[in-house]
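There are structures below to look over.
In the two complexes that follow, chain A is the common piece, with chain B as its partner first and chain C second.
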Partner chain A sequence: MAGTAATGAVCITGCSWRNSSRWEFLSNAQAETLAALADQIIPEDDFPSASQAGVVVYIDRQLMGPYRRHRGAYQGGIESADQISRKFCGVALAQARPTMRQEVVSALAERFREFFEMVREHTMEGYYGSPRHGGNRDAVSWRMLGLKEPPLRGRAHYDLSKGRGS
Partner chain B sequence: MNRVNAVIVGAGAAGGIVAKQLAAAGLSVVLLERGPWYTPADCRKDDLRNQRTTVLGNAFGPEDLGFPRVVVDAGGVARIVRPSDSAYQNNAACVGGGTLSYGAQAWRYMPQDFRMKSVYGAPAGSSLEDWPIGYGDLEPFYDQAEYEIGVSGDYAPDPFHGPRKRRLPMPPLPANREWEILEPAARRLGLHPFAIPMLRNSVPYNDRGPCMRCRWCVGFACEVDAKNGSQNTVIPQALATGNCELRMRCTATEILMDERGHARGVEYINEDGRREQQLSDVVVVSACAIESARLLLNSKSRLFPNGLGNRYDQVGRHLQGHYYTGALGYFDHDTYDDVGPGASIALCDYNHGTPGLCGGGMLANEFIRLPIHMIDRLPPGTPRWGQGHKQAMREWHRRTIVVMGPTQQIPTAEARVTLDPAVRDKWGAPVARIQGNSHPHTFEIGAVQAKRAQAWLQEAGAIHTALMNSRPQMISAGQHQAGTCRMGNDPRASVVTPNCQLHDVENVFVIDGSVHVSNGGFNPALTIMAIAYYASAALVRGWKGTRYRS
Partner chain C sequence: MKRVFFHVALAAGILILCAAGAIGGATYYYTSQRGAGCAGCHEMADYVGAVHASSHRSVGCFDCHSTGWAAKLRHTAVHLSGRTPEAIRLRDVDVVEMTAKCQSCHQREYATWRAGPHSATYAQIFTNAQQNATRRLMDDCFRCHGMQFSGSIGDIVQPQSLNGPWRIVRAGLASEPTMPCQACHWIHREGLPVSKPVARFSVAGAADGESLAFFDRREQMHFAIAELPLPQIFDRARPVNVSPDQRQALCYQCHAPRQPDAESAAARNNWGAQAGSGDDRTPLGVHEGISCFTCHSGHGESTRASCATCHPVMSDCGLAVEKMDTTYANPASKHNIHWVKCQDCHTHGVPRSMHRGSEFVKPIQWNER
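Take a look at the complex of A and B:
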């Protein structure tokens, strides 16, 4: 199947409908909604928001791997978020005004608790976890917390000449 | 395939030691391990995929696909769980077993821990019992584990430990920041803090260098190989004898029996997925408590229709782990110094002797604090998301201390492993089904322990504290799993003899945490190692009398 977008995203069977997506699993529109949702969970201040730090990249990538099992939940949940938003203000979450977004996400957290809790958890993982999985760009959250980067502090002053090493 | 003297199932803490002891005594040994051998070069410090935080999977196995278990909750609802789900109750699947990635706390149980029923009486509805062996029987083997595998620490300030013949072979690591905060506070409370004994090199030992104090320790492999497990001590030694062959990615599925009720060897799936047999004079099961019970239950034959060793429906019962409780303390100054392994200070004042409580547990500071762990450990009342949460992460990440400990569980016969009637693993074998909980008194003890941790943190200057004592809905027996093949003298009430030999079958041994009658108020690995040395010595004695040769 000719399913590889110009950006190099890899497509697997059955995904031709979103072969123009910049993302590995999500459609562009889904990714925008997810970004808006994640940015309510970790908003921008002196430090980047969730999506600015790569949380959507993290979640999208995991949906091709260990979080494959959550694909249906993401598709349904993102749809619900947009539906709530359209009901509140006539547009999808990503197009809503910032104050509106917070209301929509609070409503989502109440009505679709399970989905919201999952996104909350995954957003935190993407933001505070290792950059190697696509989130926490440039280890920004670790620096925000005042941690050394790279974090293996001991390595710097370890004398490998002691003992045989390994 | 050539017949050997012994097949050992599982190259973890216990299996590695048994392999080395038997091979050194001249027996030919095949050591089967379902996982691969990771080396320090494979060591990748990944905070989302390790053996403790497993949101993206287990770093050291089992993999998520093909190896489910079934767990039954308090309401009797069964569900299928994958290995990286905490309800699965995983330890590990690799050479070294749990000891490749463990925290390496190296505790001896206390003398009372082997005599719980005599000391306290068994609470109604519990299956609390005395061990058929005592601390004194194990002391020489604790010593052997401490010296051969390698333990650092200093017991001098602790007045509660059982008698010891000599000091530990290595001194403790120097103090970290949390030690400096917690140690004087404990002394002011009249308690007896001391350095946690650790299966970790503080100085060069066993031809390997010391810990570089990286703090990504518990749940990770050590990239400088300073953490001592079976994979970097006894297993290489076993192989060096020339008498032991390690077969990796080989999963035992059944113990084979002959018509006289003797084991003939083991059937296993090899690394190419083919079914093989390895014949042997003796079979040693060291697959960690849950899988050891499962292998026995899956070994059905004409003489043993309910599984091996299970004539009296004892295999799989009394499943135990620990009930972890404690407290979080929040400080108005930095407590964080990023110096590994993190956990440094413990006290055993609360293991025994509180009126009204059947035991207790050790308390210690927690190993590790990665940002991902802080997300749900912010002060009570902190918003769970949004600007307030992000702000609190910045405010508290470097200013908290966790003190907690493994409350000794009061066992029940209903907390158990059986075979699931429907679900099978990718090789077609019925999977473990886990159900039941420890005795309710366990949770009373845990609640008291949490308050004690809180008091310690308050004395240390915590400006807020939060208790960590949520009550689990099912048995908590993952990393510290034990108890499924009880050791005892009565064949109707236990599975193995005091020498870890099946009551039912002379040439099958279960040697790992399965045989624990009760599980102490301590992390179990050093006791599992001591039992492995102890039971190997008995096996070798029996072997020299050629008792098991067919």
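Take a look at the complex of A and C:
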């Protein structure tokens, strides 16, 4: 009975006491900065950019699972990216003009090389990996590469009762 | 003693009232906003957003998804523990329940699907003695049958050998369909609500192609038909004329040709995927170039009556085409409807006036409608 009461209470509040962000780990502001950073690594052209393809969703979900160990690095790195951006253009990275973002990210890559390389690696994973992990939305990168996914696999005909395939 | 009992009863009463109020409030909170309340839990936000951009946007979450106590408690436990799965998916039992809920709106489609071969049950597919005695049971069966089942092949059928009798391990699934609506339809797909046409087309007519998508078990997601490949197929060295009807890309995911065996002449000569191999049903001969959907209706798969769509009821030979025994369903028969050639009947030569091959039938293309 107490359990059901707790259930009802949690449902009613919409769990807003726990996290008002639409993301699982990141805050809304952190996600915006990370999206701006990832979009400098894979920008939009004929195909979607990193954030449009769900890379931030991918990283956010992994930070709740296998990449828990990188939580501190992300929080610190994103804060550093915003600090550099404020120093360069007076606003956070997500609010900076597109031309300035590249300079900010270049500076970040120079000063926080380890963090930048981690984000680049995770952005690649999210963009080119399986859509089931949250990135590569609608298998967009596979279509960009011309991969036929899912592949066609006709079943082999065989008859084990005859002791051989047929 | 009476006093103690009174206090216990009072406390229990208050608890029951609080629980009832909280649960009633929660139910109202969720159901009154067509799912917006569900999005209050950030894990759900993406999914609710997808539904609100989908053709089912006018349907509330709880019209399709379970609202039972068990579900609420399970969701709350997962949420509070922080052990949210990487992707939120329907469980086996949810898929089964969903299929019945599809019926409430799509009754005609449900009825024809139920009467057709694609509603085959777990028992029919996985305990088929003819199949199991000659071919090994394997997880790959789930690619096209029971694709939403969460276990391995050993979790659904035993024994795992060529010697039966076989039984369904999870008895509750035995009479449930292995190819439910979600096997070929993407419920949360992006798009506008579909309105029903004033008049229904015949079996060759339009289906709601936009909702067609293949649920890929490995990726645990739907691939829309626009993204699925249409194969290039060869009849030995000759490229086969495959209809460009993109809806067929869905059929080909399961009824697919195979690459030739390594030592075969087809492999040595790079002839590619061979017609008639694997589970392929690509039409050759007189029916080459026509779409699967020209003869097969989307849900019921009934084909007998579709012959009359193109052929006169009485053929040039004086035979009633709908009553002809052409052994059309037997893959070993040269009269199999998928690859019957003029020469198979006209063994002494094809009359010149009939020598028109597949040009005789110009199939209606999906995008021409």
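Assume the second predicted complex is superposed on the first by the 132 of 166 C-alpha atoms of A that agree within 3 Å, B and C clash if a C-alpha of one lies under 4 Å from a C-alpha of the other, contacts with A are read in each partner's own complex, and residues count from 1 in each chain.
Note that contacts are C-beta pairs under 8 Å (C-beta built on N, C-alpha and C of every residue); 3 or more make two chains touch, one makes a residue touch a chain.
Keep in mind that this is a model prediction, so the values were computed, not measured.
Asker: Looking at A:Met124, would you say it contacts chain B, chain C, both, or neither? Reply first, second, both or neither.
Answerer: first
Asker: Please work out whether A:Ile78 is in contact with chain B alone, chain C alone, both, or neither, and reply first, second, both or neither.
Answerer: neither
Asker: Touching A:Arg22, do we find chain B (first), chain C (second), both, or neither?
Answerer: second
Asker: Check the residue A:Leu145 against both partner chains and state whether it touches chain B (first), chain C (second), both, or neither.
Answerer: It touches chain B, and chain C stays clear.
Asker: Examine A:Arg132 and indicate which partner it touches, taking first as chain B and second as chain C; both and neither are also allowed.
Answerer: both
Asker: May I ask you to decide whether A:Arg61 touches chain B, chain C, both, or neither, giving the answer as first, second, both or neither?
Answerer: After superposing on A, A:Arg61 lies in contact with chain C but is clear of chain B.
Asker: Going by the contact rule set out at the top, does A:Ala53 touch chain B (first), chain C (second), both, or neither?
Answerer: Neither partner.
Asker: Quick one: is A:Ile42 in contact with chain B, with chain C, with both, or with neither? Answer first, second, both or neither.
Answerer: first
Asker: Hey, what residues of chain A end up touching chain B and chain C alike?
Answerer: 65, 130, 132-133, 148, 151-155, 157-160, 162
Asker: Within the complex, which stretch of chain C touches chain A?
Answerer: 15-16, 18-19, 21-26, 29-30, 37, 40-43, 45-46, 69, 72-73, 76, 79-80, 82, 84, 86-87, 133-136, 140, 143, 162, 214, 216, 218-221, 223-224, 227-229, 231, 252-253, 256-258, 273, 277-280
Asker: How about chain B: which of its residues touch chain A in the complex?
Answerer: 40, 45-48, 55-57, 64, 84, 201, 204-205, 207-216, 224-225, 338-340, 371-372, 374-375, 384-387, 389-391, 393-394, 397-398
Asker: Quick one: which bits of chain A touch chain B in the complex? Just the residue numbers, please.
Answerer: Checking each residue of chain A against chain B gives 40-43, 45, 47, 62, 65-66, 102, 120-121, 124-125, 128-130, 132-133, 141-142, 144-148, 151-155, 157-160, 162-166.
Asker: Tell me, which parts of chain A touch chain C in their complex?
Answerer: Interface residues on the chain A side: 1-12, 14-16, 19, 21-24, 57, 61, 64-65, 130-134, 138-139, 143, 148-162.
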